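What follows is a pair of complexes built around chain A, which joins chain B in one and chain C in the other.
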Partner chain A sequence: MNTLVVLRMVPDVVEELVVDASGKALDSQWLRFILNESDEHALEEALLLKEQLGGVVTAAALDAPEVDDALFTAAAKGADRVMKVARPPDGAGAWAQAAIFARLASLSGYDLILTGVQASDELDGSLAPMLAAQMQWPYAGPVVAVRAEPAAREVIVECEVGGGARSEFRAPLPCVLGIQAAEKPPRYVAVSRLRQVMRTTQIAEVDASAEVPAPWVTVSTLRQPEVSARAEMLEGSLEEIAEQLATILAQRGIL
Partner chain B sequence: MINATAVLPCDVTWDTFVETDAGRNALSCIQCGMCAGTCPYGDAMDYPPRRLIAMWQAGLVDQVIRSQSLLLCVTCYACAAKCPRGIQLTQLLLPLVKALAFEAMPEVPAELQKALMNTLRYGNPMGESPRKRAQWADGAGVPVRVLPLDPKPVDVLWFVECYPSYHPRGIDNARATARVFHRLGVDFGILGPEEKCTGECARLAGEVGLFDALEEQNLKALSRCSFRRLVTTGAHAYDAFKHQYSCRGFARPVDHTVTFLAERLTEVKPLLHKKLNHVVTYHDSCTLGRHNGIFDQPRALLRAIPGVKLVEMVHYREGSLCCGGGGGGMWLDTYYKAKGLERLSERRVREAVAAGADVLAVSCPYEVSRFEDALKVLGYDQRMIVRDVTELLDESMGGMQSL
Partner chain C sequence: MSEGSVWVLVERQDQKVSDVAFEVLGLGRGVAQALGEPLTAIVWGRQDRDLVMELSIADEVLFMDHPALHQPTPYTCAQALEPLLRQREPELMLVGLTNVTWGIGPYLAARLQWPYINFCCGLRVEDGQVLATAVLYGGKMEAEVRVPGRPTLVGVMPGALPAAREKRDRAPRVEEISPSLLEGQPMVEFRRVIQPETTDIDITAQEVLVAVGRGIQSQENLPMAEELARLLGGAVAASRPVVDQGWLPLTRQVGRSGAIVKPRLYLALGISGAPEHVEGMRNAQVIVAVNTDPRAPIFNIARYGVVADALDFMSAFAEAVQHRKQLA
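The block that comes next holds the complex of A and B.
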């Protein structure tokens, strides 16, 4: 099984996000980047498949601040190859990313491409299906479990379909999967192992001079969400709080 | 009993341990079982300390490592304190085995994993912004100098640590400490955003690489500041500076807030004017108490507060019961709960209530949140409050109002 995992760096919301003077982008002064959570699950799923079936896992990301840390961590967890796409176009949207990763994927014979079903800055979840469309491969998502049948050249995936229900699909290989959650929580990598990998691993840099379509939808304004309602704290003795609560519930027609 | 002034040898590895004095001493274990009997989770461990030593001597330590038994070790130093042969269990043997066990662990429990990942990325286990590490100082009511921004030489470099910097109840302690220092005219400054967790609990959870990384960063930040001595609010930080950072060239005098203030008791006393009318019992933290022999100083400070009556719990001083927060235990509560084990902090607050106290005084920043949670779980939160020793001193000095 030859698997490509597409990783994306997203703004770390531990730092407050500030809109810059242009009003169209985040202020980069204090912005930190962190690996997108569902991409971390995609990597974990790829590593679990590798443990069952063998094969090679390649983790790739667009060059971005702190991307080296994420790629070294992927290598320390068990990815065989790590690569970053040098000089990606500014603000590459999902379609442009799909074009870049499709080109990257075409350079090597992958059986499977895994990525997070969505990213915190791309909630539409369009990268994985767009990548599949560009590759002309089938797509399944949001995937919560994968079983591969390499001999039959197919995967059996479980997808969440809402309301707690799951459905099972068979997809021929090669295909693209949008991972919602790996079957196990992403593994921990000990810092000593990470530091050793940083000393011994090379991150391959690949050129992104693919035909990247110019974005035809651009950001016109970026705003902080507006506060619409606040929580009301009830104070006083237990009896007073109960009284206030009963009044509120009666006013809302619940009691 | 532990020799609290003993200097631990540096750079002992699993391979060299047996050749050290401590290693040879461990070979002299008489299998009396005092360690296993005193271990707070000993009855739940596959390999309590006595069996661990026997397995090590028999060359079967791999079985101990695979058993994950050592996730139940909260590094409370109770086994080491009871050992009649003076074997340095918690100081040396347990951390060495825990490091091997951590590397071999197939799955690090989720809560611990999150805390360790946060500590690597943000320098604190809660995953708070490193930029906000000194934000608590805004509400202290006194000036707090952040040394990287104002690098003039300072007498005391105050290493605040994570919980006093960020935890909603921890910051009360940081603010109280700042006010007490201010009233005493202490010339102090903090590292602010450049301070990282000292990593002592990560090391004793077995995550030695993380400890090394944090130690490097902290020593680098400290090397850029000009100061005479270091004072820390963290009991675990005190231990790290005293016994680990010293192996990497850190040579300044180190105090915990309670030892620093107890040394200045004659200056502290005249400032304590408000009567508190509390029956107080003091919880000896494992690192300050059993490991470093700091028993009298916090009690001397508490006795100096007008209106405070000090009572002791059944287990106190060397015999104190662990709060369960050491060696990574702070982030293993859900793991212990899932195993059906009692939270040690609950065991401890039962003793505090039984002692007839209405205030449980502490000096380790983990304990405020641990014991307040335990009091709520057991329904004692109307009967007892938890306060850091410094918070009580500040209250008796008049708190925010007196400034």
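The block that comes next holds the complex of A and C.
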């Protein structure tokens, strides 16, 4: 199995997000970037498949803050090749990323492309299905289990439906899978292993320039959500808050 | 050439119209009315007379009937829709962002080279221009977007809008379409539905849920939540990251992929309130949220909020509950 995993760096939403002076984008000065969570699961699923079946796992990401760390971590976890792909000057929404990674994938004979099923900054699309459409490959998602049958040139995947239920599908190879969660939690990498990999691994820098459509979807205003109601905030020491809440719940007959 | 209509893709669950589809239909009805255009509901699977009456909010119902579409096969549905959309070019096509239909809109947008707007939670029309509001960054930001032209595909967030279940006296026009372009294309084949194991407790039946998120920090802290749940006469539930880490089984997950719960008390500990989670618990009677981030979206739907570390809060609250029980 020759697998490509697409990784994306996204703003860490645990941090405070600040809108820049244009009122249309986040102020990058205050942003901390992290690896998109479902992409981390996509990498884990690819590594699990490699452990079962052998093959080569390539992890690729658009150039972004902190991306080297994410790619070195991918290599330390077991990715055979790591690639940093040049970012287009006009930004990189889902449309642009789909075009770029389709171009990149067309240069090698991949059997499978895995990426996270969603990212919180995808306004103009969703990478996994758009990449499938660009490649003219089948698509399945949100995937939570993959069983590959390379001899039969197919994968059996389980996709979440809702209420804990899953649908099982058979997809022919090559295909694109949007991964929701790997079958095991993403593996941990020891700092010593990461340091060793950083000394010995070369991140390939790639320009996969593709014809990217002009951004159709443009933001006219970015703001914090308008809310019709907000929680009544309980104030005081933790003990006082706990007491207040216990009283409220008792008055409501819950406690 | 655009036919000048607003289309809504209707998802069926167990042969019934999904709740989300009614929400999207309501949104579609409003926009269609503002644009002075008809509303078309497009359904995959066999034609059904009862279903047509359920969808009478629409002016027209299109059934895409093909044996490959009798099961929920989103990729096949997208393949079947592509030639139809290419031929008829509705001005807008709205698709609910459920687990089943999530990928259909973006796939079609890329195939047809049409614009797509993701995470939409509202549409309005001003001077003939359609404007969309989209939820980004896990619910922490909202973007106002001009719908760039027509045709455009729009992915609609579940739970953001009321479900439009009203029926009209007039039955919609019905058309049945047999997609013919499926032959010869690589297919994703439906095999079976796997139901969750039922050996665990049923969180949908609990009156009190102590729900833990990333703020629980590690599996070693779960017993604290279990003890608090026991004191409150409830059970422990979780948001996605806790289940993905393998700390709790999928049967405890609340949200789009897990359970939809409506307990009397939902105590959300260290849960940010991502839209996918909120879908599963927004109808709880009393929501109490505890989070270190005062801007966490969970405070926008909670009745009571506490800015604190979940672990510190649990310890203090368990003591307060215990004390009150001793006095009773």
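Just so it is clear, the second predicted complex is superposed on the first by the 219 of 255 C-alpha atoms of A that agree within 3 Å, B and C clash if a C-alpha of one lies under 4 Å from a C-alpha of the other, contacts with A are read in each partner's own complex, and residues count from 1 in each chain.
In this section, a contact is a pair of C-beta atoms (placed from the backbone, for glycine too) under 8 Å apart; a residue touches a chain by one contact, two chains touch by 3 or more.
No experiment lies behind these values; they were computed from the predicted model shown.
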- Message: Going by the contact rule set out at the top, does A:195 touch chain B (first), chain C (second), both, or neither?
- Response: first
- Contacts of A:86 with chain B and chain C, given as first, second, both or neither: neither
- Query: Of chain B and chain C, which one contacts the greater number of residues in chain A?
  - Reply: C
- Touching A:172 in the superposition: chain B (first), chain C (second), both, neither? second
- Message: Contacts for A:30 in the overlay, against chain B (first) and chain C (second): which applies, first, second, both or neither?
- Response: first
- Task: Go through the superposed model and pick first if A:222 touches only chain B, second if only chain C, both, or neither.
- Result: second
- Task: State whether A:14 touches chain B only (first), chain C only (second), both chains, or neither.
- Result: both
- In the overlay, answer first, second, both or neither for which of chain B and chain C A:140 touches. second
- Partner chain in contact with A:187 - chain B first, chain C second, else both or neither: first
- Message: With both complexes superposed on chain A, which partner does A:239 reach: first (chain B), second (chain C), both or neither?
- Response: second
- Note on the structure: chain A contact set shared between chain B and chain C covers 14, 16, 184-185
- Spell out the part of chain B that touches chain A in their complex, as residue ranges. 102-103, 107-108, 110, 113, 116-117, 120-122, 127-129, 131, 207-210, 212-213
- Note on the structure: Note: in the complex, chain A contacts chain C through residues 11, 13-14, 16-17, 19, 26, 37, 41, 94-95, 98, 117-118, 120-126, 128-130, 132-134, 137-142, 156, 158-172, 175, 178, 180-181, 184-185, 213, 216-227, 229-234, 238-239, 241-243, 245-246, 248-250, 252, 254-255
- Message: Under the definition above, what is the set of chain C residues touching chain A in their complex?
- Response: 71-73, 75, 78, 98-100, 102-111, 113, 115-119, 131, 134-146, 148-149, 155, 186-196, 207-208, 232, 240-241, 243-246, 250-251, 253, 256-260, 264-265, 272, 274, 286-289, 293, 295, 297, 299-308, 312-313, 316-317, 319-321, 323-324
- Task: Could you please specify the touching residues of chain A with respect to chain B in the complex?
- Result: 14-16, 30, 34, 184-185, 187-188, 190-195
